[in-house]
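I have placed the structure first, in the form of structure tokens, so that the comments after it can refer back to it.
Chain IDs A, B, C and D follow the sequence of writing; residue 1 opens each chain.
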Amino acid sequence: MNHLAILPLLFLLSGAILAVLAGTLNKNAPQVVAITATASALIASMLGLRTVTQNGPISYELGGWPPPIGIEYTLDTLSAFMLVIVTFIGMLIAIYPARIAFDHVVRRNVPVYPLTLLLLAGLTGVMSSGDLFHLFVFLEIFAIATYGLVALGGDRGVFASFRYLLFGTIGSGLYLLGVGFLYFSTGTLNMADMAQILPEMAGSTTILGALGLITTGLGLKMALFPLHIWLPDAHSFSPPGVAALLAAVQVKAGAYALLRILFDVFGPAYTGSAGLPVAQLLAWFGMAGIVYGSVLATRQSDVKRLLAYSTVAQLGYIGVGIGMGSRLALIGAVLHVLNHALMKSALFLVAGGIIQRTGLKEIARFAGLGKRMVPTMSGFAIAALSMVGIPPLAGFWSKFYLIWAAVDENNWAVALVIVSSSMITLVYFLRMFETIFVRDASEAIVANAKIASPTVIGTVWALCTAIIVVGIANVAIVRNFVGPIADSLIG
Amino acid sequence: MIDLFLDRYIYLFVLTLLAIGLYAVLAKTDLMKKLIGLTIFSTATFLFFIEGSLKEDGTVPIIDSRGSDPTLYVDPVPHLLILTAIVVGVGILGVGLALLVRIYRAHGTFDEGIIVSHMNDEDPHGVPHYPGGHP
Amino acid sequence: MIGAYPSVVVRVTAAIVAPFIFLFGMYIIIHGHYGPGGGFAGGVFAAVGVVLPRLTLDDTVSYKIFPAAVGPIAGACGLIIFLATGIAPMFFGGSFLDYGALENAFMDAARARYLGILVVEIGVGVTVFGAMVMIFDMLAGKEPA
Amino acid sequence: MIIAIDLLFLVLLIATALLALHAKDLITAVALLTVYSLITSLLFAGLLAVDVALVEAALGAGLTGLLFILAILATTRHSSERAPRRTRISVIAIVGSFLGVMLFASIDLPDRGATDSPARRGIATYFLANSLDDTNTPNVVTSLLADYRSADTLGETFVILTAALSATVVLARRLGDDHPTGTIAPITPAKEGDA
């Protein structure tokens, strides 16, 4: 019995409880607990990733009951890979100063760190679960934690959170109905077990209906293009640390669950040409999302809102990758999950650093910041260039694989959309570069800005180092981790 | 046709309730009414599961003196799933109500249209963040 | 409505009934093995036993019996009970939550599972109780100081 | 299961749902919603799901109503619902397509009452046959809840704690927050003519 499949989750859950209790004693103790818990979870998931790549997937029987009866946790390369991303970003957010991460003066009984840990634990549970209903429970844990954290962003944040609550709950309701149809048709809830039963029932309208409901429900969680309505408000009005967490890892949990269920549970008998054209729809919606998000991002004046619309576009890339479904496309999609997590959290943390020293959010007023806050803004430059897709950086590679996959399939529309979206991204970041680095400071608050605090610079540069390393070591990452993930998804 | 209705009549009622709840969440302008609609929607989901757990000649899934023959009892698995879902639903409701209290403190109304126009008025850039206030 | 209720009949009745509701909640938590019930329903009943005095009696009385700060602590303690029960078997060669691995000379696996279920139900009941009182206190505007 | 009583309950469910959504006075709406949950709980009991019926009665009908009323006391009891300026075609389309999917899915839905349906032959048989031997627990729902699928229950318990913490974060007094908390207004009588 290899406990590595469950250790990250256990560290985060126990950390959340300890943080609640620590919060009643001392106002700074919860952050210490959070850093310790996320760091332990990061170490455990890295060990898990190493074990899995060497010895193959781990199947963990909770309660000692063999899979179809009990709940199974499966740690394979994909979930271990995602766990490393989640816990790494989570640890950086825990280190980031609470005052800006949560836009909140730390008080004893306002449990932001327990909620952050529960959010991370929910994501971890979604990514390790091998059971359809168990996945639903963890979807709800991270969703409810998100509603609370988004509401930290003042009155607008509260309203955005309420809307998100309505959409999120409808989404999980649809998912639950889909799971119900699957259970009543197959008599099991275990993913692997169901994957063996489902191909025999190809053509059943109940299964197709369940597929539609589950895809829509998870699409709402992942904010795939037509279902993204809640995302821009929730991400731009929440405090910087929360926004980084949401954009980097929270929406990815929906993407992960979709990937897992479409490929590992339903399989080609349903998603292929014979069944529901879910894959084609995902690709088309993904493309529409890329165009929509990129265009709207250019029209934003608020930096966090720009980043939120850019997230809509980046999720479109992942949707396109899942939709095309070839080996290269899946490599692109999974790689993009990693890259986007690093780049977008770096950008949000930079935005937090700017807010820490100047309180500014409108891009037009950033003039001259590049000369005042050199370490932070150089980190911004690296993350932004990676977003555009400048070669040695991480962001280049996922786009490269997606375009390669598109050309491989003669799907020129996808290639065209990705290239043009990168051009638009280049335009709006160049405009920001011009404001930040070229112009002189026009406002006193900028001219007097000090460099950001050490933890801000440290976390931003940790992410930028990761962006550079992932970019340079890309071949090794694809060969060792992402390639095997795509192979196992295709089957 | 009548047979089909007799077999599936609870399902049809559940569908009606789901539709009522979904319509209320999307179309009502009062936020409290949206939350009530959400409760109706999720309760209807529970009914769908429990309706499916019923079995001819089955009884309550508490093993009694008649022994452990599975055909004697109704399906307990949907019961467990719905127990979980009910608790989750109440949790979401608690958070939703807390959010509503905060919204009311800030805006003095539950009317979505008025709240949206408040927010657009406050916006320094004049960019409407909530076009049309839908849904 | 919140705080002392004008009618003395209501106040006295609530004060008399509330402890019994609390007791009934505990009974339901423990009785889950043999009949309908268990941690969730029982925890809610116990919470109602605390909430009823808050609705009808004076705040100084109801919050003295059960301070608002106890909510989060009860919520966390219940989960500690649950997690500890789950983690303990991992030291005896079982997997997480595998109470059957706790069997020893004094009890067989089924007995260990029976007791495990009982402890877990108690943990669930305590957490549900604490969380419900917390949500009530927040909505009633009585946050723990 | 007596079909006539079932039908009566189901019709009542739809009536209370519609009335709860229509009522101008929010306290009335919440009272109707509680009736709705209570009828659901009775239906659960009629469908032999006693554990679910108990929890639905305690949580759905009891606590939900209490929380709604608390929130209404802290805010307003008058619904601000306006007649929509126009029927939104998009909403009709969404609800319609949802109904379409649900009806489409029900075409091949196995007859769930029958003894040979897939759910009958699935994992449920194991639990019913072995619960007493494995765990000494006659109530199969309890042994499922706290043993076979105890990880679900662990998650669910964390959900409820998460919800309580989220509500705390939402409502806690924050520095720089001008709005005082804990302002619970006394109940004002509903205006004449309100539903």
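What we mean here is this: contacts are C-beta pairs under 8 Å (C-beta built on N, C-alpha and C of every residue); 3 or more make two chains touch, one makes a residue touch a chain.
Quick caveat, the model's predicted, so the values are computed rather than measured.
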Farthest chain relative to chain D (centres taken as mean CA coordinates): A
Centre-to-centre distance between chain D and chain A (centres being mean Cα positions), rounded to whole Å: 30
Inter-chain centre distance, chain C versus chain D - centres from mean C-alpha coordinates, in Å: 21
Averaged-CA centre spacing for the pair chain D and chain B, given as whole angstrom: 6
Euclidean distance of C-alpha centroids - chain B vs chain C, Å: 26
Shared-contact residues (touching 2 or more other chains) in chain C: 34-36, 40, 72, 75-76, 79, 83, 96-97, 99-100, 128, 131, 135, 138-139, 143
Chain D, residues touching no fewer than two other chains: 50-51, 55, 59, 63, 67, 70-71, 74, 102, 106, 109, 112, 119-120, 122-124, 127, 133, 138-139, 141, 145, 147, 149-156, 158-168, 170-172
Multi-chain contact residues (two or more partners), chain A: 13, 20, 62-63, 109, 111, 133, 137, 140, 144, 147-148, 151, 158, 161, 177, 183-184, 189
Category of the chain touch graph - line, ring, star, complete, other: complete
Chain C to chain D touching residues, read off their complex: 1-2, 28, 32-41, 44-45, 47-48, 51, 71-72, 75-76, 78-79, 82-83, 86, 96-97, 99-100, 109-111, 113-114, 116-117, 120-121, 123-124, 127-128, 130-132, 134-136, 138-143
Residues of chain A defined as touching chain B within the complex: 133, 137, 140, 144, 147-148, 151, 155-156, 158-159, 161-162, 165-166, 169-170, 173, 176-177, 179-180, 183-184, 189, 229, 233, 299-302, 362
Residues of chain C touching chain B in the complex: 34-36, 40, 128, 131, 135, 138-139
Chain D-touching residues of chain B, taken from the complex the two chains share: 6-11, 13, 15-24, 26-30, 32-33, 36-37, 39-40, 43, 46-47, 50-64, 68-80, 82-84, 86-95, 97-102, 104-106, 109-111, 113-114, 134-135
Of all residues in chain B, those that touch chain C in their complex: 62, 83, 86-87, 91, 94, 97-98, 101
